[in-house]
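There are two complexes below, and they share subunit A, which is joined by subunit B in the first and by subunit C in the second.
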Partner chain A sequence: MSDDNNTPNTVTVYIDDQPYQVSTDDNLLAGVLSQKLNLPYFCWHPSMGSVGACRQCAVTQYQDENDQRGRLVMACTTPVTDGMRISLKDSQSETFREQVISAMMTNHPHDCPVCAEGGECHLQDMTVMTGHSTREYKGDKRTFVNQNLGEFVGHEMNRCITCYRCVRYYKDYAGGTDFGVYGTSNKVCFGRQEEGQLESEFSGNLIEVCPTGVFTNKLFSAHYTRKWDLQSAPSICSFCSVGCNTSVGERYGSVRRVMNRYNYDINGYFLCDKGRFGIGFVNGLTRIRKTKGISPQFPNKLSRLDVSKALVHFKGKHFIGVGSARASFEANYYLQQLVGKKQFSLGYSHNEMVFAEQHQQFLKHHKAPSLAEIEQSDFVLIIDEDITQIAPRIALSVRQALRNASIEQAEKLGVPSWQDSAVRTIGGNTLSPLYLLQSKATKLDDVAEAVILQKTQDTIELLHLFTTLLQNNHELSKLSDDNVSLLNKLLAAKKPLIVGGWSHQSSALFSATIEFIAVLSKAKHTLRACLLPPEANSIGQLALMDENSLSIEQVLYKVMDTEDEIDGLILLENDFAVLNDAQLNCLKETDKTIICLDHSDNQITALADIIFPAAPITESDGHLVNYQGQIQAFYQVHPSVLPVQESWRWLSLIAKAIYPKHALAQEVDSLAELHQLFFQQDANWPLNTAANANDAKAIKAIAREPHRASGRTAKMANISVHEAKVSQSTDNYRFSMEGGDLNHATEMPFTWSPGWNSNQSIHQFQRKVAGQLTHQANAQFIDFTDIKRVIEPRTPLSEHQQCFYPQIPWHRSGLQSSLNPEFALLHQVNKVFMSSTEIAKRQLMENHWVSLELTAACTGEKRQYIAQLLLDEKLTGDLIYGDIDQLPDRIYSEVSVSIASAQQVESYQNRCQQLRQKANQDKALILEKLKVQDAYIPIRLVSGGLDNA
Partner chain B sequence: MEIIKTITVHPKDYLTSQELAEIDHEISIMETREAAGIEALKVVQAHRGWISDESLHVIATYLRMSSAELEGVATFYNLIYRQPVGKYVIHLCDSVSCHLTGYQQVLNAIVQHLNIGYGQTTEDNLFTLLSNVCLGGCDKAPVMMIGKQHYEHLTPEKAVEIITALQNQNQNENVEVEL
Partner chain C sequence: MFSQLRTMWLVLKHTFTKADTVEYPEQKPYLAPRYRGRIVLTREPNGEERCVACNLCAVACPVDCIALQQTIDDDGRKRAEFFRINFSRCILCGFCEEACPTYAIQLTPDVELAEYDRQNLVYEKEHLLIKGVGKYPDYSFYQQSGIKIKDKDKGEGVQEKPPIDVKGLMP
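== the complex of A and B ==
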């Protein structure tokens, strides 16, 4: 599909005798919908193209203006041609479409009242649209046995209308292997071969792809609200650096679910499961809801005065501020300004600082491609990153890029890219080349042209060799066949893409990658490269980094040093996961003050003297900076319950108490005010919301609730029979059903349009189907050109020490993941993979239990694990990798492996059992608490900070 | 020392050498390995009477395809049996022409005679009754198929006669039919 939105390829099409300008790049159905006309459909999907399976999109096509009869055609499989005449309103096609629904309905259970899809169901919408309003079928309906598909996706097969979207999405689009279609004729069902957890990292999209209630969100269903009753806000996923746009919905003060929020350049129509199902962390059992170390004058009503009283004795004291890559861009900046650049740490270790700096320099010269651009690539090289786990949505885009070879083949035969089944038939198994240089098996292996499995050290050497070859044009004799074809294909490609990242914590790998890209991009101007940092705001952190920034080691050194005049630490949403045991002990022993701002308990809040409960992303306004340096806004979904408030609000109170003379020590009541304050002090502050304020005023603030939300007056009746005033928000969205038109929002809290209740309504807000949003704001990027910094090179950790490569699955990274009990349940069993030679050398046996002792390179700490030993036939030499639960992400320099005793295995299995039990209990407990909470809805008049009612 | 039980059996430990040879032959004449799916299922069914879950997994592993995909193939074709079936599988056509020419009465007679419904097998493991959409003998409807034999122009009496004949034949042979 074309990436050009103002495509010149438009022709005139007469729809019911009215002329329309329609693009020839897409099919007739997409063309009709792009005109914002209503035409029902099921099997076509804007990013999956057409198969013509459901026959719902029939229209009548006429030969010319004299043709009175016309003939039925399926709009989704019909190309757009100049002067074509069609009708949507003629009785022939209208009757046909009504009859299609009527046939589908013979087997549909009509169970909308108990169906989680109800109220946002594409099938409901299409049924109404075709005018099929009476039930005539009296016979039996076919029934299926449903499957348990694991933690996230519900299955209710009887509701299926056999459109095939699910299997086309799961298998063809997302590359999943554990999903299929079974049976024939009237008894076709969709699901796994046998019950069990769906294995794809993208399974949640089934919920949005399926036009009916077959696949639903289990977590949402457990604590359910109809879409029309949800209060939603535009948000950004806080789980990785991609920055997918999300729409988060809540009711009665608790978050219910995440849906995809369309963004042409980034996530398009799809999210990953982490982003969709991980939001439960905001409802976690360990949320911090009270301050520590501050005694309020009136219990249960902490005031600003209480805070300043508690902090007053710190006035003029020296604090080190430690930011984090999961806190907002604003909060990090604020803290840095308050403590001063020389007392500020980004939360990076020594080692991380080295490549963080390289990354910063890199971004000056290389604009990272958007996901839409990644999908255009015709060659992909991934350098030692398991992107499916660390930036899942990008892996989904890479999978689409690999289809370009078959799309091109089809185009040569005159078959347009939207003819999905034809293109797939023509392409067969043809894929554009994907090369993986990696130290462990990954999910992309099965679509790769070559998987070069080797130690990071060898990859570094190979990259150096590539670089020298490119510079000196040496012959390629030193390279293996795979590597020669890698280079040749890379050089021959029209739009090659290279992906690297931080995962290995290796500055040598990082600089080798950058050097290679730099040299290559001279020879190849179309080269695109993206380097993936670990967290949602990692790149925002880079923007704050300069020659003064402290590493974690320096911070600890200062804390431990009795000479140093440091009085304490202010930790901004940083749980210090990078610390090893010895470093953590230093913090335990210090008598310096530790002030923490965070949303959930962790190893650092346990040590804190003062804790300020920070609002998590769903209760905050702020910005995050994604892997490209794009600054994206997120908004409060619901007001937080005081004293929980955004970190930047706490920082403004801290500023007034501890740094009263600081220019930023001012009361701020909204994010816009904060930005204005920053901008007054620092002309380089990139977010000058004052400049946009006029536009914002011109547009009425958008309502967070649909106009059909129910129970406005009743829902709080058990607290007060008076109608509560809605809380006043401090941003451009209202906590209300009333507000400006969704049509004017650049970031929509939810999508809805008359007749289109499901998320498919999005095409009513796009310039053309699958194109940019009509009111897409211009993307804003961090400008890295002004940042100066010289880090003295330090001795990096030597990669050649590394002998064990941990596989870290998406559901096991970071504090926020660990707060979801469902994620803990995804771990099956510890596994370690070796080559056959290594198994023989170590006198082990494959498929047996082993005991594994790992030694961390930095500290010499040893840890023991029990795991299954498996053979990886692709492995050679002594490279070992594995998926070990609760293994800290470190460099391991020694592995000793022995056969595990029956006793060890048993106790391991018991431990796993206990963990599973605990997770299941937590799940039940969270749900119970939420349901209790539903009965006591907090009333807040203003969603500002303390004292704002 | 404990061997992990979750690992699926190796195809070579499960399939007989004859089955393997026949499947290998099919693979050799196909463009891709997984294209041999239907034939491989037929091979194993010919030897074992039906396709068990275990057979399905093993064949999928051997053809390097997902069991979900192979299951799709297996359940698409009604001549692949995913449950144990009797010695004779009756495929009774329930499509349009047969419907118009007395299918219902034929079905009733068979059901009454054998005391089984669709998808069921008689207690003596002799007969399984399945429906089939058009056997291609519309001009001779109603039609049923048992084994490789088509029986046309059926009447209720004729259908029962055919089945009785098979029952008698088996009694005479006195074969023990086992699953």
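== the complex of A and C ==
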């Protein structure tokens, strides 16, 4: 992506004799589309450049104003030059474009009614745009046998128009290896070598990249609705810290799908599979939809009074509040204010607190780069972080950054960066350097200049050595060749990038990383560094952290301590995944009250005395803070079914009952009111909506439904033929098809513009193609304050003990992933990797089943697993890593491996089989439940809290 | 004066002309087979449901009185999980019939849609689905669309070539 906004090189281009100012940074097609003119295209993609494969974007170019004949050129492969004259409306190019579509239509089947792309199909749009209205071809149509591409992506090859976008995206852009194009001439087929799950973490983008319905969303198709019927809201992905912008669609009261919502700085045009296919957790079987521990006066209708009655005897009691990085920024802040800073825990363990503190101070001094900035790097160093699994979208951006070397090479030869195939030919295998310092193999290994596989302890030492080298400028001899070249290239790079994170759990490595970055950034001002926290709102939590914040261990200590006057815990969407069995047992035995707010059952809700059903991200309004500290809003996709409501609404009820004298114990009806309340109490509250209130009023509320949404007078007619009023929302988006112009929304619920029904309509809302949105809200970042305390790592030597490094794939991390049965089906078998020397030393056999006994460093608890032993040739020494299902995320100090008996293997395989069966059953059950639910849409007049209809 | 006499003459004259109104409901007027009345869902010649739940009727409906949900059955066919028409809103415009790509939804000459209770005018799929093919005796969507279903593999439909052998080397 080229740099936006800073005076692009524009020239005058005459399009149909009208002068336009067009940028020369991009090709003619992008230039025409940037002027909001309609020109059909297929193979060109704003972030993948041009190849000129489809011949659809032909325009007539004229020599000068006297030239009457002109010549056809493909706009996507034509550079913009000053004073050039082209025509889109002349009959020559119009006929040509119509004939191109006509040729594509000879083999395109008549299956739009059963195609999931129908209604948002780029091919449909382009066919209408070219005016090709009758089928001329009367012959037989080509057919293909489809492939099963796994859980997420459906395949219908008949519909293919061979634009090559899919293979260019999957292989060239996303670096996938298990997808390709086969056959010749009219028999070209796109798919895998053999049937099976697509291995890329970014396979879901095929659905949006494909201009027609060859690749469709299987999960969406199973419970399908047309785009024009989807009620959508702008949302933020809640799975990782990147904070990708999403558009979540709903129909008949259940969430159907997630689509990409363009954001220039963050996700651009692409999402990862976790964000796209993981939304099913909001429809999960274990969703909490009833309160526990509260008896309503009238069955089926919980009122505010019931809640205060149930909580009134806790008035004035001392509660500890535990927040979480899964809950919204507002809810965490509210809880912290209610219980008091000294009684508040961020939901981090002691070890994580060490990370949090350092990370907070780091962000105070270093601005983390956006994904667009990451893509401009020419050197990347990743320090012990498997970013493809932790924050997949960043890995995709890093892959783009590695192309900068070949783009530079091409530019030297005068080939612009948008000439995709030319750049790739010139570049060959040239990649910008990527160095990986890590303890396990990752998906980025194939594009790395060097993979330095070593234990965490060795990485720490290496970073210390680098730091001293930078400070003193000598001792290079101590380093291995790889490390010398790493350091040299790092220092030679123009825009180097360093990526680190929390997942290795070593606070020593984290501080070594920060120290290294601090020293290096003095020598190199262009250095960018980003550290990846584990969850969607982790950085928001850091903003609330101060010297009084409690760790989970301290909370448990206070709960167990009989002398401490603590009466209970309020847990805000925290499932205490960090607790070990012993700690969980302590909590089980305590007689203190546990109040839980969460959206799905987990190990803590099983212990809770009082449960308030909290709304998940799709049913709530709020904000999340991404890895850069950028605050981003998400909105309700549909009103929640009472008594489910947003955590902050529950907290306001809790406040009134337990802390009636607190300044924040007031009734709030909307998020805007809540913000107002916070701002009145605390001038540092970063989200002052009062300042924006005037802007908000100036903009008419935006409709969540497209203007073509159907079934208004029928969808609830089975319940009552008298149509209910639409729910009144408490935010600036409406639950209906009536509202202001999409174009004025800073966050668009969906994208549509006349003639452009697919997501490609986004260029109508951009300042220029692939640039900032016309009405992009100003990004707002958290300001961090100084904290006095320095938390000492409790077990400074744990890195020394660590001997097993778990690989945790994206589909298995966090509570919300575990609620998706489709994700459970992705797990193959447990695998453990060793070096050949280690295998020989332990007298094991490669490719055999082994029994693995792991001892956790902190508690000494032992767990046994069956796994397949594999050889990693890059490994040296006694480093062992592996991918083990249901392995708690801890540091393991001891590992003993022995050949597994046939019986053990059989029972393991049976267990795997059972898990798969269970997942398949759950999948069917969820679908069944949703279909029943479709017919009974809950009627709500106002989407506020309890008592609000 | 003259005008009044003329009026009386005309009124009296009509006493002897044949009445245009009929004794409904004992006597029924003629309605053409394509008259637009009550909506039905028809079946294919082999008895399978024609509706593939594509939502085009719903989106074409000017009063938004059609709601449905698609489901994929085990035989690979897409059908409506529920299909509801609120006849108390329907204006019998026939846009749904025009929009239907599978000839499933058709209007019949039955216009007798009166109820004492509006709720009874909400028709579900079981009320709409008839046994016959309606006005189009031969049409079967799945034979035309290239989609694979249980009894029709790729290449077996109308105007379909046999599936391409991807591994074939011939040009």
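General remarks:
What we mean here is this: the second predicted complex is superposed on the first by the 932 of 949 C-alpha atoms of A that agree within 3 Å, B and C clash if a C-alpha of one lies under 4 Å from a C-alpha of the other, contacts with A are read in each partner's own complex, and residues count from 1 in each chain.
Note that a contact is a pair of C-beta atoms (placed from the backbone, for glycine too) under 8 Å apart; a residue touches a chain by one contact, two chains touch by 3 or more.
Because the structure is predicted, anything quoted here is derived from the model rather than measured.
In the overlay built on the shared chain, the residue A:A902 is in contact with subunit B alone; subunit C does not reach it. Judged by the touch definition given at the top, the superposed model places A:C112 against subunit C, while subunit B stays out of reach.
Contacts of A:Q917 after superposition on the shared chain: neither subunit B nor subunit C is touched.
In the superposed model, A:S720 makes contact with subunit C only, not with subunit B.
After overlaying the two complexes on the shared chain, residue contacts for A:S185 are found with subunit B and with subunit C alike. If you count the residues of subunit A touched by subunit B and by subunit C, you find the higher number for C. Of the two partner chains, subunit B is the only one that A:Q868 touches; subunit C does not reach it. Contacts of A:T425 after superposition: neither subunit B nor subunit C is touched. Overlap of the subunit B and subunit C interfaces on subunit A comprises residues 182-185. Within the complex formed with subunit A, the subunit C residues making contact are 52, 54-56, 58-59, 61, 63-72, 78, 81-82, 84-86, 88-89, 101-102, 118-119, 121-122, 124, 141, 144-148, 154-155, 159-168, 171.
Within the complex formed with subunit A, the residues of subunit B that make contact are 1-4, 6-7, 32, 53, 56, 66-69, 71-72, 75-76, 78, 133. Subunit A makes touch with subunit C in their complex at residues 109-114, 118-119, 139-146, 156, 158, 182-185, 187, 189, 221-222, 224-226, 228-229, 252, 708, 710-715, 717-718, 720-722, 931, 934-935.
Across the complex, subunit B is touched by residues 171, 177-185, 192-194, 429, 829, 847-849, 868, 899-902, 905 of subunit A.
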